[in-house]
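By written order: A, B, C and D. Residues from 1 in each chain.
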Amino acid sequence: KDFSPAIVYDFGGKFDRSFNQSASEGAARFTTETGTAVREFEITNAAQREQAMQQMARRGATIIVAIGFTQASAVEKVAKQFPNVMFTIVDAVVDLPNVQSVNFREQESSFLCGMAAALASKTGKVGFIGGMDIPLIRKFALGYVEGAKFVNPSAEVFQNMTGSTPAAWGDPTKGAELAKSQFGRGADVVFHAAGATGIGVMQAAKDSGRLSIGCDSNQDYLHPGSVLTSAVKRVDVATYKAFLDAKNGTWKPGQIVLGLAEQGVDYSYDEFNRAVLTPEMKQKIDAAKADIISGKLKVSEYKVQ
Amino acid sequence: METYTLMVLLLAATIRVATPLLLAALAGMFSERAGVIDLGLEGKMLGAAFAAATVATVTGSAWLGLGAGMVTAIALSLLLGFACVTYRGNQVVAAMAVNIMVSGLGPTLALAWFNLGGQTPQLDAAGQRFTAVVWPWSQSARETPFPGLLYAELLSGHNLVVYLAAALVPAAAWLLYRTRFGLRLRAVGENPQAVDTAGISVTGLRYQAMIISGALCGVAGSYLSIAASSGFVRDMTAGKGYLALAALIFGKWRPYPTLAACLLFAFTDALAVRLQGVALPLVGVIPVQFILALPYVLTVLLLAGFVGRAVAPRAIGVPYSKEK
Amino acid sequence: MSTPKQLPRWADLILLPLVGLAAALLLSCGVIALLGESPWQAMRLMVDGAFGSQESIGYSLFYATNFIFTGLAVAVAFHAGLFNIGGEGQAYIGGLGAGLVCLWLGHWPFWAVLPLAVMGAAGFGAAWAFLPGLLQAKRGSHIVITTIMFNFIASALMTYLLVNVLIKPGQQSPETREFGSNSWMPFAHEILARVGLDFTATPLNLAFVLALGAAGLVWVFIWHTRWGYALRVVGQSPEAAVYAGISPSRITIMAMLLSGALAGGLGLNELMGSQHRILIDFPGGAGFVGIAVALMGRNHPVGIVFSAILFGALYQGGSQLTFDMPRVNRDMVVVIQGLVILSCGALENMFRQPLTALLGRRRKSGEGRS
Amino acid sequence: MVEKITVLPPALELRSISKRFGAVQANRAVSFQVAAGSVHGLIGENGAGKSTVMNIVYGFHRADDGEILVNGRPVKISSTQDAIAAGIGMVHQHFMLVENFTVIENVMLGVEGGPLLAEGIAKAREALAKLGKDYGLDVPLDAIVGSLPVGLQQRVEIMKALHRGAQILILDEPTAVLTPQEADQLFRLLGRLREQGKTVLLVTHKLREIMAITDRVTVMRQGSVVAEVETKDTSPRELAEKMVGRSVLLQVQKGPARPGAELLTVSNLEVRDAQGVMRVKRVGFKLHGGEIVGIAGVAGNGQSELLEALAGMRAPVGGEIRFGGRDLVAEKIDPRGRRELGLAHVPEDRLRVGVVTSFSAQENLILGYQDHENFNRGLLMNNQAILEDCARKMAAYDVRPPQPGLRIAAFSGGNQQKLVVAREVDRAPTVLLVGQPTRGVDIGAIEFIHQRLIGLRDAGKAVLVVSVELDEILGLADRILVMAGGEIVGELSRAEATEEKIGLLMAGVREEKT
């Protein structure tokens, strides 16, 4: 039987300049490297998740990658119906013999970004802008705050959420406004975890001569010299690896948690931000990174009680 | 001192947030004064935002982008006119249709043309966007809180569209109350028969109003994609068109009160941003969702309480026909 | 509306919407061609995707169930002269009502949970429509604006509840725990299996029957009860209503309550029937689609059922289209919907005039209600 | 004079104008001439097609066929603009004014004289002052039109036409809203216009006016011209017969009234309108069984509000309405409750209030009685009973066509009114309130409706008739109350009432209470 990979993106769609996009890059890499096309689907309503996975399975998909925590219940259902199909879900845990759950310790990379922010800040005030107030975003926020305080215990962190409808992930105007508001209060570095809204955040930072921190994929290239770093979450690697393992027969079910140690999350450092992320900063951040990897430094994780 | 600075900054934010609202509300004022309910503000703005970003990307000129935004919004406005004025269709339904269609069409075309999903490429190069116009001596003026800070934050440092919007309020008032066109426009929304018997074309006037409405929506939409942010993102109007309409009603279809309403909504929004996560006396930290809902709650309260029965232009919503 | 020349009733009810639909699809074909795909192929995929198999039929009808509820909601308000754009928010909150019942009483037998869940959905939906109705009736606040605002407020409230209160502990996704399986709506394939029929597993469930029942009740209510009569009088002429001793403000509130209750029905299908948990943004725009559905269905329950099925098919066929045609993305389906609303709703007079000329040599005078 | 007319071409000539609205042939080959410098009357029953033909002349409607000549030259009038350019002005039956504009803004609309208002206003002010002097048209230029009394609004309309340089002035039913005295003023104004060489075309269905002021008169019936005569050569009776097409009774036939017990007592009633203006001021009167009481007055003097308050459609701010031993005001009894107590109401504005135009006749015949047990069976409505009830009433009241399922909008005005009267009268209410019983109704139906009202009176019930048609009040009422400025300014028995006396009272000239 032919090897046939498939992927289901979440509401944001595969071009959300965030983790769906990152996943699609992983899929694209797999396609270019192996020449095997990946069947894709972007959902528009809740019922489509299940339908899309079922259809993919029925049409002979060997492995289905589901992006995003909202897909958990659909994966659970469909995986039971198709025990011979491999499923990989990102950002959630589904405990079934044919499901691989990939999760990230986002708090670790955002901790490093919080450090970078506090190190770069001249005012001791830094900002965080989230899309919607949901656990995942709180997870980012919590790590960020800890990182900032780790560097500067008296650091002030302003936090804002964009909205409470899914429109919150795609409102760059509001993002820009939130950033400007935080700048007005004295913040000079701002970290976004808000999908396309973040584009506005980063633009505002550029326009106001402040620094921003990207999220999910490496966004340093967007405004060289204005983006301090990015909290990178290698959904692309996870996706790519899931496909590749499945193709090579090395795919295994069970839980995979990717943190700094596994290079599943990281902060970015490249030619675009070399000018702003100074060697001293980098040195301090790298030290903390090593401590986190070695377990010397514990970053707390937001838990829904 | 702290509160003074805070107020100044809040007001500066208010101005920025109010700009697209104001432009859209003024747009709505023209069409509604002519007797056409304009729920289509949202779609027209969105269409303009898309066109402006696209053309600015391709040509590298913000001005051409603005022009394209205006042309697109005017075209959508004319489509509404075609449905509502010429074919006397239901105005609310036509507007909803246009809003839905545009919300799909923008991302579809963006995907086809740029292959970046529902978005246009980031506008980066100089001249592709309207950026802040910094007035002379703003930087040094900032040192002296009063009036320096006011000057630097409130007057200076906005983009061109903001100043344009501000200038449009007196311009709109002048057009509406001091010109022949304004007189006729106000008349056609009150009693189209009177206009018709006076030998003036009701249809013609309504189309003119739709064109003006389109042009203003075009500016509003362009503001979103090539001034306030840098590119088009799907559904980036995020309900601003509806909020503008509420402001228009709250402003009783008059330019200056509408300006005040827009400023009030914007101020609430700016304040809501400040209140996120802040512990308030007595109530403590209010959950962010409720703070985010504040402008909407305020709108409802205002409509319910202070505005009471706003008297709309009398002929609004009723397609005109001689032979009724 | 008493245009001198009139279309025969059958043409007005059936032919005109079909012509509008055809025009919308033709335009859509144009856009699809622009995208470099074959329109013919696309239309075939859509039709096949909507009705070509048991699965597609099941999904089409599943979506249609949502649209029947929201379409009826819009129509009832419309008969009272109100434009309820708040179906989305009312469905959201209505679903909360149904969901809470299922969460608390999910272990009860289904026959005991169902009526309570229906009451929960209707009650919560109605409650969310009450305030806009009241403000319209007593303060004259523009119902179009207030219902739009209430959609936003509903979103905020639900996000708050799902993130802070109802979320299943230890979970990322802002959704509740799964309802007790007793409270799940029986699926169509389960019901059919019991009578020995084989049907592919789809989310289509008992709520479809409830929706049809709601349509029937609305029909009886609007045209065969004194309250429906009063509601129509208010919608047609508030002055005549006052003359007849019918209080327009009371009817306004009643109509909005009813409208909200019907919108709440969406939760029965989407949550109890398919998702089995409350999750963020589950109405997914069905409240807005309801406007188009009601319009195309001429605000008549029978018409609404048919146009809901049409829109359900558009949804399902559209998702099939995006599945099989990579260059046609999900937004294209939104464009098609917009075009359908435009040509069937707003531009219907454009088609009416030539149609009337075509058909209307001899005008049949004398029609009952319209 | 006579010579001049023969020399000059007619100011306006219509040749074979036809117009059809769907099934209705509103004008059928209408031809007539209007001599320059004359006042020409156009008369016909409601629905005869008078307004339609005038709207065609004014370019508001387009004729299907025919030709229009102005001063002997054919002109193509395809829009209002063309008509204005040809020197034609029109004062419509329903005023075409923007109510929240000032007088001067209304007059300027369409002839602003430049893209900016300021200079135009100055020029218009000058021109209007001159017009005012020439014709004695005195109007406060800066007043908001909506706040002016109708008489003044009409002058604004006339000013509008004159300001646009009208040589031919068409007035469509100008006196319907005026007191007899105001009407006389208007006629004097028309006289002055004629002296200045303008041509006036007066559309009306009131014979008195035709006889009083016109030089020549054209009679229309069912869309066609049926006669054209010199006014001095004709008589009211002849004109009436030409209008209707048969001999008519200009007088209502009825026996003497036999007033019985007091059925309805109103005291100190005060009512505000929707804008909060006090429209009814401390009104009190009694209704007895077996009498018809008429309320006369110029439209807009509180009669409508009074009627609505009595019917329960509008809450009074003070006073009492005692009926059947109850105080309707204090108990806040709604129209439905009042109907149950035996107080029925035929409203003034039939189309807007009395019926739901999109409903069938059968549905309209339960309006106000929708909760009645006869029409309901448990939770559901009893459609069979409703249908039978409607069919029976249609037969009894000679409604044509007798189709209960037909939409009410498809019935003629007279038949619509018969349906409303059937609904309200058939139940033999103790007291019947009737507003404008025959507005927009042809003579045949008028006779029928009047007979029904008299029948109710003779059965010992009380009828209160509000009408702006003095003839109707004088014909029907046994006792007449006159309202002006929201008050009852006089009460006259039928015997002592004359048109002049009532007219004076209507104009607000008070005399000693009788």
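Here is the rule we use: contacts are C-beta pairs under 8 Å (C-beta built on N, C-alpha and C of every residue); 3 or more make two chains touch, one makes a residue touch a chain.
A quick note: this is a predicted structure, and the numbers were derived from the prediction, not measured.
Contact count check for B-D and B-C (C-beta pairs in contact): higher for B-C. With centres taken as mean Cα positions, chain D sits 46 Å from chain C. Centre-to-centre spacing of chain B and chain C amounts to 30 Å, using the average Cα coordinate of each chain. Separating the centre of chain A from that of chain D, both taken as means of CA atoms, is a distance of 75 Å. Chain D has residues 21 in contact with two or more other chains. Counting partners per residue, chain C has 4, 152, 156, 159-160, 163, 329, 333 as the residues that reach two or more other chains. Under the contact definition stated at the top, the residues of chain A that touch 2 or more other chains are 13, 133, 164.
Pairs of chains meeting the touch criterion: A-B, A-C, B-C, B-D, C-D.
By the touch rule above, chain B contacts chain D in their complex via residues 177-184, 186-187, 190-191, 193-200, 314, 322-323.
Interface residues of chain C, counted against chain A in their complex, comprise 59, 62-63, 152, 155-156, 158-160, 163, 167-175, 178, 203, 270, 274-277, 279-282, 284-285, 315, 319, 322-323, 326, 329-330, 333. In the complex of the two chains, the chain D residues touching chain B come out as 21, 58-61, 79-81, 83-84, 90, 92, 96-101, 105-106, 108-112, 114-118, 120, 160. Touching chain B in their complex are the following residues of chain A: 13-17, 21, 133, 158-161, 163-164, 167, 170-178, 180-181, 184-185, 196, 199-200, 203, 207, 222-223. Residue ranges of chain B in contact with chain A, taken from their complex: 9, 12-13, 16-17, 20, 111, 116-119, 122, 124, 131-132, 224, 228-231, 233-236, 238-239, 269-270, 273-274, 276-277, 287-289, 292-293.
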